[in-house]
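Same chain, two partners: subunit A is paired with subunit B first, then with subunit C.
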Partner chain A sequence: MTEERYAADRRLIAILALLVAVVSVLYIVVGLKSSTWRYALSLRVPRLLAMIVTGAAAAYSTVTFQTLTNNRILTPAIMGLDSLYVLLQSLAVYLFGAGSVVVSDPRLNFLVVIAGMLAFAVVLYNFLYRREERGLAFLLLVGIILGTFFQSGASFIQMVVDPNEFSVLQNRMLASFNNMNTGILWLAGILLVGAMIVIARQLTTLDVLALGREHAINLGVPYDRVVRRLMVVVAVLVSVSTGLVGPLMFLGLLVANLARERLHTYLHRYLLAAAALISILALVGGQFLAERVFNFAAPISVLINLAGGLYFILLLLKESRA
Partner chain B sequence: MPEPKAMHNIVLALCLAIFSILSLVLGLSQFSVVKLATGEDLVSQIIILSRIPRVASIIMAGMAMAIGGLIMQQISKNRFVSPTTAGTIDAARFGMLVVLILFPRFSAFGKMLLVFVFALGGSLLFMGILGRIKMRNVVFVPLLGLMLGNVIGSVTTFLAYRYDLVQNVNTWLTGNFAMITQGRYELLYFSLPLLMAAFAYADRFTLAGMGEEFAVGLGLNYKQVVTVGLVIVSLLSALVVITVGRIPFLGLIVPNMVTLYLGDNLRKSIATTALAGAVFLLGADLLGRVLIAPYEIPIGLTVGVAGSVVFLYLLLRGERR
Partner chain C sequence: MIELRDVTKKYDGIPVVDRVSLTIEKGTVTSFIGPNGAGKSTLLAIISRLLRQDGGEVIIDGIPIEKWGSSELARRISILKQSNQVNLRLTIRELVSFGRFPYSQGHLTAGDWAAVDQALAYMKLTDIQHKYLHQLSGGQLQRAYIAMVIAQDTDYILLDEPLNNLDMRHAVDIMKTLRALVQDLGKTVVTVIHDINFASCYSDCIVVMDQGRIACSGGPQRIIDRSVLCDVYELDFHIETVNNQRICVYY
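Take a look at the complex of A and B:
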């Protein structure tokens, strides 16, 4: 019986992988012209890779975070981590000056900001775990307000640093789907692989953590140490996705919940793989449809926000009934 | 104890006067009292064309947002609800976009009416959802409102991309008084009769805030009062969004701070709330103008930073009790 279920899950994952391969090829190939193919490829390949890395990072960070916090609504993006990345980037400009290496070199900038993210992850960890008794809605609201604060704080600092170059600075620093930061692609890819390896070595621990704190400790998991380490991994993953394409508030929420609903298992081996594939499929497929088929000017992130917001409201209403 | 409460208002009114004068003369080119007294052309021109409209619009917008928040908190019986956390402002922005796409030739007044219809629709939708859910957790309600606003906001952004109006939409995203000049803010004067109506209804809002059954038992036409409240809030929001843009959190934090000291009786707190809203907004505007002079920081950003900090404080503090 269980073997059958796993077989079904494996089949689903295989189908997803196939679909991802198909849309990736489509994204690269459709509309190539013999005269300009070289130039088109030089644009498309990095963008495709950026979306793949982002999708995987968003899925891995969200699934892990949800397991750590033991719920299906809280995600790193909703707790304001994405916006914090943007704030830290602006702070770097403020502290080191717009002309310094820390700001102008995208890779160095990325690493400096990640250091800040790690520091915050520790603070967030303490906050989440010491105040658990306050309830989910409270944490969510605090997270969303924190996000707003980080966002307006970031714009505020950028304004204060250099009103003349405000928009230039904003364009150069802040990644978005129309303005992917492919300069850090390799670095981000390496970090993603590193994070995935750390998580891969904790797969069975994650399965146990999903049972809740008490059970995990009873079953011999060194709870605090493991959770703290995984929080650090989550912070790195959030930096990877935000650094490449900017804040994506609801992508993680959508794909993690889809994976949890579609699969018949709680095993993270399957959950993580499925969530990552769905996420990549949504980004690449969505961007392909938007760019080449429907000719939307709107980036796919707007649509994800729309779908994610509605889904979030549904989850909230469901939660409030329970 | 009528005296200490009257003191609040006197202090606030004094602040209002000082801030207003500061705002009028701050950074004025070649300003001097002599030139002003002799009616030097340039100086009086600047004051009449730009400074007086600016101060007037800030005062009215501050009062409008603060009173709007106060009313919303009463009728939803939740102190974390305001036009920004109930989808009202986002619905108004959506309405503004629809006006730009479908009826770009409307007069300012016509636009205002249409935006008002959208703002009212957004508020009603939110109140409708609230009525349906059973769990009235105090933080759950604003969470839902923020998400509703977020969804409406994404639809707005999506349409804006389709019709190439992203820039226009972004200008209403962060409120800004720098563009206010004579002839571009007069619509805000419509907020004055609305504020008066709010004052007249203060007692009824207080009763409505005690719950439907209790209020009806006391002989209040509950449905009518709630509707009047929502109409006033939506009109105020529409006016502010059209003329100034989005000012986040003001309607949330100012009424809360005032209620913290003066209690829930609207008759006692409504005047103070209005004054405090105006003073807060004037102060934020002055700060934004001083910090990076000769440039200025849009007021939406200043208020966004200050407002989210105060909101977090209120949240953490409220839960501790």
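Take a look at the complex of A and C:
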């Protein structure tokens, strides 16, 4: 009986993988002309890779974060982590200037900002775990306030800096889907693989963590150490996705919950794979539509945030009734 | 053997558990009783390392609790809290299989599954093992959690208010099971119980706590006594002996 359910889940994951492959090929191939194919490929392949890395990072970070907080509504994005990335970027330009190596070298810049993200992850960890139990509403409120604070801080700094520096910031640092920061693609990919390896070694521990803190400790999980390590991994993953394409408010929430709803299992082995595939499918498929069908008229981030926002409200309503 | 030496826990400077020293013998049922806020649950959480004490020592089988490895200790002592809401889509069998995590880190062997089957049978859950947790009644759910603890197969089993929200029949079932765990499998059971009569009838040792301290401890015959209980609970107790059991009437 249990085996049948797992078989259905495996089938679903296989179908998702197939769809991702099809959409990826479509994204690369459709509209190639014999005269410009080399140039087109040099643009499309890095973009496709960037979307795959971003999608996987967003899904892995959200599913892991939700399991750590035992909550299906909280996501790193809702706790303001990706807005912090933009703030740290702006802060780097403000403090060091656009000409400095910290800003002009995309890889070094990426690493410096990640260091800042890790520091914040530790603070967030302390806030979430060292205090007595807080209600969900309180945590959500804190997240929304932090997110708004980081965003306003970033806009403030962007207004204060020299206009020339601002244009540098806008062009290079504040990535979006139509302006992906493919300069850090390899570095981001390596970080993603590293993070995925750390998570892969904790898959069954994640299953136990989903039972909650007390059960996890009872079953012999070295709770504080494991959670701290995974929070750091989440911060790295958020940096990866935000660094490549900018803040993705609702993507993680959407795909993590879809995976949890569609699959019949609590096993992270399946949940993470399904969420990552749904995420990549949404990004590549969405970008394909946005570029080739809507001719860039509707940015994909708007589409995702629209769908995600509606779903988020639905979830809140459902949770409040439960 | 579990030894507590001057165990203290403070919240905002106010001691909730205040220099408690106690020895819990192997192969017994020990019940903690006392009014709300006496520190019973906190003490149980400290013994099972869910909370860290601010002072004093918890020594399990001769080794201080901090010195134990997480997994190793999880094979020696287990705890079931009163509020163990799990929001996962789990079947009983899957829940019980978590009990084997300290042994196999989630990669269950045939021996682990045998232990799961045994635990299910012991709690008479074999027929409904594929039901989801959210489909269960309160009594079935409590039995499922106890089956998980049995699958964990620890020497010491700690239960925080295992009878909460159970009707009389289910409560008696659970207490009989706990006694059987001690008699048949040689376990040591430590519980927090609010119903004094259950504590009286099923315990080898009763520990009365009041305001973070141990007011007194001993066998039921000695503890279930007017002079002891009236003071702690600030109620007028009437105590009878029925079938050799001490029964309190305080309604």
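Basically, the second predicted complex is superposed on the first by the 312 of 322 C-alpha atoms of A that agree within 3 Å, B and C clash if a C-alpha of one lies under 4 Å from a C-alpha of the other, contacts with A are read in each partner's own complex, and residues count from 1 in each chain.
We adopt the following convention: a residue touches a chain if its C-beta (ideal position, glycine included) is under 8 Å from a C-beta of that chain, and two chains touch if they have at least 3 such contacts.
Quantities reported herein were computed from a predicted structural model and do not represent experimental measurements.
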item: Superposed model, subunit A: greater residue contact from subunit B or subunit C; value: B
item: First, second, both or neither for A:L306, with subunit B first and subunit C second; value: first
item: First (subunit B), second (subunit C), both or neither touched by A:F149; value: first
item: First, second, both or neither for A:L316, with subunit B first and subunit C second; value: first
item: First, second, both or neither for A:L19, with subunit B first and subunit C second; value: neither
item: Contacts of A:V160 with subunit B and subunit C, given as first, second, both or neither; value: first
item: Which superposed partner A:L141 touches (first subunit B, second subunit C, both, neither); value: first
item: First, second, both or neither for A:T205, with subunit B first and subunit C second; value: second
item: Touched partner set for A:V45, first subunit B, second subunit C, both or neither; value: neither
item: Footprint overlap on subunit A, where subunit B in one structure and subunit C in the other make contact; value: none
item: Subunit B - residues contacting subunit A, complex; value: 80, 133-135, 137, 139-140, 142-144, 146-148, 150-151, 154-155, 157-158, 161-162, 164, 174, 248, 291-292, 295, 297-298, 300-302, 304-305, 308-309, 311-312, 315-316, 319
item: Contacting residues of subunit A [partner subunit B, same complex]; value: 134-135, 137-138, 140-142, 144-146, 148-149, 151-153, 155-156, 159-160, 163-164, 249, 296-299, 302-303, 305-306, 309-310, 312-313, 316-317, 320-321
item: Residues of subunit C that touch subunit A when the two form their complex; value: 48-50, 70-75, 78-81, 84-91, 93-94, 98-99, 101-102, 105-107, 130, 152
item: Residues on subunit A engaged by subunit C in the complex (per definition of touch); value: 1-2, 70, 72, 203-205, 207-208, 210-215, 217-222, 264-266
